[in-house]
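Encoded as structure tokens, the structure appears first; notes follow it.
A, B, C and D label the chains in the order they appear, each numbered from 1.
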Amino acid sequence: MAGNRGDSAMGSDRFGEVRIENVTKTYKKKDSSSTVLQDCTFRIERGRLTALMGPSGCGKTVLINLIAGYEIPTTGQIFLNDVPVTKPDPERLVVFQESALFSWMTVYSNVIFGCRVQGMPRKEMKDRAEHILRTVGLYEFRDKYPSQLSGGMQRRAELARALINDPKIMILDEPFRGLDALTRQLMQEFYVELFEDGGRTNFFVTHEIDEAIFLADRLVIMTFQPGKIKAEIEVDLPRPRKFGMLASHRFMEIREYAIELLYEEAAKAFAAGSKSAYDLVGAIVAQKGMSQKCE
Amino acid sequence: MAINNQNGYGAISIRKVGKIYDPEGVHVEAMRDCSFEIAAGEFAVIVGPSGCGKTTLLNAIAGFDTITSGEIYLDEELISSPRKQIKPDVDRMVVFQNGALFPWKTVVENITYGPLVQRKMKKPEAMDAARDMLSKVGLNEIEDKYPEELSSGVQRRVEILRALINKPKVVMLDEPFRGLDAIAKTVMHEFLVQIFCTASNTMFFITHDLDEAIFLGHKVVIMTTRPAQVKKIVTVNLPWPREHHLKGSETYLDLKREVLEAVHEEAKKAFEAGEREMA
Amino acid sequence: MRRVKKYFTASTWRGFLSLMVFVALWQLVIFLKVPYLERLPYPADVATEGAKAVQSSGYWYNWKVSMIRIFTGFAVAQIIGIPLGLAIGLSRVFRGFTFPIFEMLRPIPPIAWIPLAILFWPTRELSIYFLVFLGSFFIIVINVIQGVGNIPVSLKWAATSLGARRKDIFWRILVPGSLPSIVVGMTVGMGVTWEVLIAAEMIAGKGGLGRATWEAYTNSAFPSIIVGMLSIGLAGYLCSALIRKISDMFMPWKRKF
Amino acid sequence: MIDRIRTGLANPQLHRAVVGILLFLGLWYLLTAVLQLPRFKLIPDPLQVIKEWFSLEPLSGRSLFTKTYYVDIAYSIARTLTAFGLATFMGVTLGLFMGWSRIFYDFSFPVLEILRPMPPLSWIPLAVLILPGVEVAVITVIFIAAFFATVLNTLLGVFSIDRNYFLAAKCLGSRPKDIFFNIVVPGSLPFVFTGLQIGMGIAWMSLVAGEIIVGQRGLGYAIYEGYSLYQYAQVICYMFTLGILGYASSAAIRAVGRKLMAWEARKRGA
């Protein structure tokens, strides 16, 4: 499964490959301007899961908005299968932080929303929705409203709403934020299985390091203001991923390495006076080891 | 694993505790025959699925709620049983899940609140003590800020200081670091280790994060889904004070695997039960 | 705040008791001849008067007149106010032109319009409709504007991503998304509307619960005054309850389970 | 400073606002003075209103330059403030105690719920007949209007306080008195101020009604008198005067609120 997934997808255009080339995004204020992203260049490879990490305020959300087409880069370009991105399109779907389910629609109406506004025939829409709802295990809950579902089920409904459109790339902006750690773990397992079965291109933004390593084939780490690409790490844990891997040596090695890189950025954020600055005073002290503090 | 409490205050004994909620006649058994011991000065971590009654236990020890069977002792004194419930007091401090710093008081006012309402200290004395605590952990610049101006990591640390200034026997923390990212959590762990080394209270720490549980605890108590019982108690044989590099060690990974499996099984059960309940 | 539904709890008994105490106190102040309050009618007299009123057709006629006035003015306010609020909330340009006028007129208490309304409208009845309309118009517009503003941008983005066009976004996202605020606007507006109606009826009306209370006043018929007040209170309460009911119907996702 | 004014003046929203208001006044002028449509003929045009308002010798005897104008304002303000002050004091106190003590709540809330749906204005006849003098009656009606809004919002404010604050305070060794002053009072302030805003709005409205129906002197009374004496321009001047006073009083409440709730303001600033 893990081996031939990339190969089989490679030839077709069914799944997308995104190239981000020299992208810079600057916001003009009255008399000053602030650069949020600077010269970002990287690829979201076909059929693989790329995870992006970085300190708060490093422009992750802006990057997502650019790829999704809600905003356009100041300079540079973004390509999906060599076609430049200019506006939002169902081939690039975003699953939002917290929930962006429409609270006034049932689960079923939410899931078929994309198909309906794009004018898909009723029969096909219904078949697809049923299939996808069964896949995410929400078939019995199709007539409920989002507020009647648990946090984990809401996230699955949102995944279904995106998946039904068969996007070339799925963009996930911290989709499991706000779930408790155990539910989150279960959601990660559910999601990684879904990914391993479907094998589409996924771009996953998170600031939870365990989550990033557990899910990703490749880890992209961003710098703090302006956001640039600091490092890319290949995650060579075998697939299918199992929760037991969280306690493996390789996992802990990658984790330590990534944390080290992130600390450096965190320290910069501190110098820049970010709101989380005081956490980083501690972060720097922590690196020096703590045995002396106990005396 | 050196338990560094010499005076021996703060031992908790939980004996066959059960709790049944019965609003509108809906019979919900949150806890059943739950028994374990926490030694004085021990750092005990409680893990288990959501809604499994960990908070129920905390509420009973703190005196916020009652239990329907069993007994809880603090230093050989009965503090909770179906017939008797000791009120909340300064010997048992709670740090809440979503934080309960008073938003309308500045950091220093929050910390000095306890000693002042208890009339234990005069105002200047309390202010000095609070400033002293803050500067020891490198937070001296924020004393006049309001909590909501601070990041949640700093808020949590201030809340822990607010509890500790009262020199309680037991500090109970209910998922205090939920929602923080990995880096902020690491900082919080360092902070707790440092605090715990000097303060020598008994710690009762509820969490969902297993790395956190093993890194901090002398013992990890794993609870089952509802009705909550003790599934397993894992003793963490790692040297204290805990240091970061421990996380790569073979002992650590073995412990993590053990806890992971036990918890995962329960989490799955709870998740499925939850879905059945909603359907 | 959610309260557990359980009947005959300590709270229910206390509530019942407190109403008894209230009526007893009322009786007592008259009995003890407390200055000024001694002029109040006895609760029993009010009850007798109330029983008499309920059997007369004139009383119910007043109900009908007031209700028609309320619902006409209120409905027109919603029909004009909701689209206007949506337009102001959606278009920056439109907002720029209209909102200042709106803000200029809004702080003027609706009751201060009474003379001008009587002057302008050919009949008294129309001027009462207009005043009732004013009472809820500004409130509904403000609430719709806020409602549109409070819809998270991520919802609009999610919809665009899924291929929605402007029309879809308007009908499927903005309108249902601002419904909760519309309901709040209606509830608050209904309260103010009754205020205005009572004043208008007392000053310029013919028939209606407000007028009936006023006529009782001119005859110094104390029990009738209080029956009138209670009727007005009940009518206002029923109107609010109706709005809650309708809002539940239109917003199934907000129902409590 | 000059820069800021310049950028402020360059703001397109400001241009639109000016154009919008001019259009409104233009339309008003057109309908009443130029076209003189049937019903609009009766209404004074904006120029007449402004002339009357700024006139040294107004036809109605009431303008910016007459003493009567300010006496009317003073009467209305005095009535509103007296009633509003009383309502705030009693309403906030009652609301806090109701929120704080469950038993007190159980006893007082049902009575409140029975009296609350009655519009304050429906109390006018009773108040006039029972109370000594019209002045007391008007103030009582305004008081009732502001009182219910204040009590209810204060009560909601207390209920909105996170339960954990109470638990934390108990842990820290507070007695009931400490909890009342350190948790209940500051915790409910944001809602209290919402209540005061609403109360102030209803108070002005009831004032006008009270003055029209039974009053002597004051803005509402003058409006009705202007109407009966065919001084329609003055009626409109007074309507705008009421609008300005209403706006100013709610701005004043907001300012006091910001001052008392420094933590809320700083949160927004951060």
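Just so it is clear, contacts are C-beta pairs under 8 Å (C-beta built on N, C-alpha and C of every residue); 3 or more make two chains touch, one makes a residue touch a chain.
Given the structure is predicted, the values throughout are model-derived calculations rather than measurements.
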Between chain A and chain D, the fewest touch steps amount to 2
Pair joined by the larger number of C-beta contacts - A-C, A-B: A-B
Let me have the rounded angstrom distance from the C-alpha centre of chain B over to the C-alpha centre of chain D, please. 49
Chain A and chain B, separation of their C-alpha mean positions in angstrom: 32
Which positions in chain A are in touch with at least two other chains? 148, 275
Can you list the residues of chain D that touch 2 or more other chains? 270
Where in chain C do residues touch two or more other chains at once? none
Within their complex, chain D touches chain B through residues 162, 164-165, 167-175, 178, 182-183, 186-187, 189, 261-263, 266-267, 270
Chain D-touching residues of chain B, taken from the complex the two chains share: 62-64, 87-90, 92-94, 96, 98, 100, 102-105, 113-114, 117-118, 145-149, 162-163, 166
Could you pull out which chain C residues touch chain A in their complex? 152, 154-155, 157-165, 168, 172-173, 176-177, 179, 251-254, 257
Touching residues of chain A toward chain B in the complex: what are they? 55-56, 137, 140-141, 148-150, 152-153, 178, 180-183, 185-186, 207-210, 243-244, 246-249, 252-253, 256, 259, 262-263, 266, 275-283, 285-286, 289-291, 293-294
Can you list the chain B residues touching chain A in their complex? 49-50, 137-139, 142, 150-151, 153-154, 175, 178-179, 181-184, 186-188, 190-191, 193-194, 197-198, 207-211, 241, 243-244, 247-248, 253, 256-257, 260-261, 263-264, 267-268, 270-271, 274-275, 278-279
